[in-house]
Amino acid sequence: MSTIVIGLSMGMLLFLLAAGLTLIFGMLRVINFAHGSLYMLGAYLAFQVVNVTGNFWAGLIAAPIIAAVVGALMERIALRPVYNRDHVYQLLLTFGFILVIDEAVRIIWGLEYKQMYPPELLSGAIEMFGSSVPSYRLFIIGFGAAVSAALFFMLDRSRYGMIIRAASGDPEMVRTLGINVSLVRTGVFSFGAGLAALGGAVASPLFPIELGMGFNIIIDSFIVVIIGGLGNIRGAIMAALLIGMTRALGYSYAPSWVDFLTFILLIGTLILRPEGLFSRKGRTA
Amino acid sequence: MNAQRLMAFIVAIIISVPLLFPDDQGVGLVNAILIWSIFAIGFDLVFGVAGMLSFGHAAFFGVGAYTLSLLTMRMGWDFIPALGAAGVVGGALALVFSYFAIRVSGLFFALLTLALSQLIYIMAGTKLRMLTGGVDGIAGVPRPDLFGIDFYDDGNYYFFLLALFILALLISGLIRISPLGQALKAVKSNEVRAEQIGFNVQRLQRSVFTISGIYAGVSGGLLASLIFYVGPQMLHWTTSGDVVIMVLLGGMGTLFGPILGVAIFEIMREWLSTQTSHWYGILGLIFIISTIGMPKGIAGLIIQLWNRIMPGGKP
Amino acid sequence: MSASAENKHVLRCEDIEVSYGAFKAVTNVSYEFKPGLLYGLIGPNGAGKTTLMNALSGRAQLSRGRVFLNDQEITGQSPHARTWAGLGRSFQITQIFSEMTVFENLRLAAQAHRFRLQPFWRPVGHFKEIARDAERVLSEIGLEGFGHVNAGSLSHGDQRALEIGLALLSEPKVLLLDEPLAGVGHDVVEKAVELIRRVSQERTVLLIEHNMNVVMEISDEIIVMLAGEILAAGKAETIRRDPRVRTAYLGEEE
């Protein structure tokens, strides 16, 4: 039981990152290498806010907002000038962001590990089906599910979702309809950055907060995004849960093979269905 | 004289610093520049010529370093055959990578090469700890023992590295103007058309990736021997990132540009790291600014300036 | 047309189908292309003409059926292998190496045809035979004197001619031309038609074209597609009178 809970909670965390990556890719055709750094930034920001206010929930709210501002600045200052160039340049810029964000974190918070604790309310464990499950993990599952539901609802039903979907398909057309596409781009990048930081903030009581945490999770997020089919947010949630479960099962039965299991999934996907396990139609060129 | 020759001239000056001003610090720096240049020249065959962005070259670089170290230290091989083996193993691993990664294109390719190289990094730190020494790495990597010359002296080792550097440069220059190089440029320019006129695009991409892996393997082996040490850091993705920065900074797709990029990078590393402990962040800023403002790198800048100073001259 | 050639075919497709999900872009298409003829492929937008061409040249995957070139099955082969087997093509959207010169474009096609493994040990300039091939085709397509011009800065009509030249260098037995006249200025259509006529003398050509006058005038046979299927095929006169074709195009009652 606890394996399932761990797997689901990891899946939810991965989905928060993968959703942002997917949205950004869908809208801007940019793969954001710095997404892991934003996740890490979220964890540090949450740590800082909690340290100052003493309130866990304040951290959970403030971290994504600050990161969203950082994301908006990244998009405005650096990415906007290079949209008309080869996509490689945009990816390289986001790589540059990693170096800068990591350095900023190092300057502000130093090198030593930071530790966060779940709020009082969620620090215990709950008996479920005869085994004890940390309630914070359950919270992550519930929280992640709620965020995903809100996200899907927003994309499918709201006007913003429609604009985003239309603008990813045909930016010129949307522009002629009088919608400010460049604002939408900034908004989506900033929103994705916020989601990543939210993931970091939510995850912060689970793991020690450290500089390497961004990179560890970004590789998994990339794998999720590839397995789910790039730009396919529904595929991303399935893939996130699949990877989360694989990791959790791996940790409990064959800890030293965990990374291999994920990579086997990735390589298997690429060989059997390069367009992604969960995409219904073929990937367009 | 044209811009190309001007760049060749600048490169020649940089690499002959130890001849002009023999002092220890300069020689050490130039030796590092020579080795990283071999890596960057090979990387640019994939990135600048064939248009494939790999974020996995650290794997070939690091594996080359481990191969050389293990063969010389554990198996008692001579340096030269071990260096050859480092190239072969680097190339072979690149070939394996390419079978997976070429199934996808563009940005996917970057992600996949990154993920695969990270797998190698993880393996070296865990499963293969017995072989690689885990996070501690292996110290005491030797240098060649040839003609009774003491290559443990950096000034002497310089000549060995210089010879290999020139060889690597010549081979890369030849590949660029050969039918293979032209075909790769065609693939970069328009993959659909390249395939339709009868190029086996995937095979071309696999071959250049393999060649580039050989370059990386050899340079990795050389770096291990330069610093007498190999560790998992060489396999880490930041090493892949470093070579990407070097090539982009210097000018992708040009023969001499990557070398200029390496020189700037290494000089900055040397200088900035004595000034501040945050040099990597500053490097990141410089990288961002130059990517936005100088997409063709220093080489592009030189060509542009040259054409302005010498109007009417051929670029 | 001699009797023996009449029975032969150079390209044959058997009951092919290309589907994207539930949508069948091409279905139930069987046809035998005879050597040396020029086939005009017409049909309204979305009829599946380009998809059929993609299926023949290996760019679209078949969900059913088989394709033969000179009685050799090429189903499932990659585009470059089909080029080697003698199937050349041009594209609806011009596909050239636009930042290279016209000569370099042609030389690339020549080396792709000459070398199975691309040599890397000598400069490309040392291989005189590919330069000769390129020069020959340069004049064949009427671009003498443009060899050193950047392909991207050619006029649209000349780019289309260059595309045909690129295909010619693989010495195709069958040439697929996807709207080679689209966007070509009125004043040069004549020249382009002349080029198509010329290249079709030694080989089979399948031509997609919307300019009905041109198609009717130069084609030996016309194939009409509608909704992924071949609606009718035959000589221009027969097609003109075919009531089904009239219905499909003009919405007339039969």
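Per-chain numbering from 1; labels A, B and C assigned in written order.
Convention: a contact is a pair of C-beta atoms (placed from the backbone, for glycine too) under 8 Å apart; a residue touches a chain by one contact, two chains touch by 3 or more.
Quick caveat, the model's predicted, so the values are computed rather than measured.
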Of all the chains, which has the CA centre nearest the overall CA centre? B
Considering only mean CA positions as chain centres, point out the chain farthest from subunit B. C
Whole-Å gap separating subunit B and subunit C, where each centre is the average of the chain's CA atoms: 43
Whole-Å gap separating subunit A and subunit C, where each centre is the average of the chain's CA atoms: 47
If you average the Cα atoms of subunit A and of subunit B to get two centres, how far apart are those centres in Å? 32
Taking the complex as given, what residues does subunit B use to touch subunit C? 174-175, 177-183, 185-186, 189-190, 192-201, 204
Touching subunit A in the complex, subunit B uses residues 53, 100, 103-104, 106-108, 110-112, 114-116, 118-119, 122, 126-127, 237, 241, 244, 248, 278, 280-285, 287-288, 291-292, 295
Seen from subunit A, its contact residues with subunit B in the complex are 31, 78, 81-82, 85, 87-89, 91-93, 95-100, 102-104, 106-107, 215, 219, 222-223, 225-226, 230, 256, 259-260, 263, 266-267, 270-271, 274
State the interface residues of subunit C toward subunit B in the complex, per the touch definition above. 57, 59, 78-80, 83-84, 88-89, 91, 95-100, 104, 107-109, 111-113, 115, 118-125, 127, 130, 166-167, 169-170
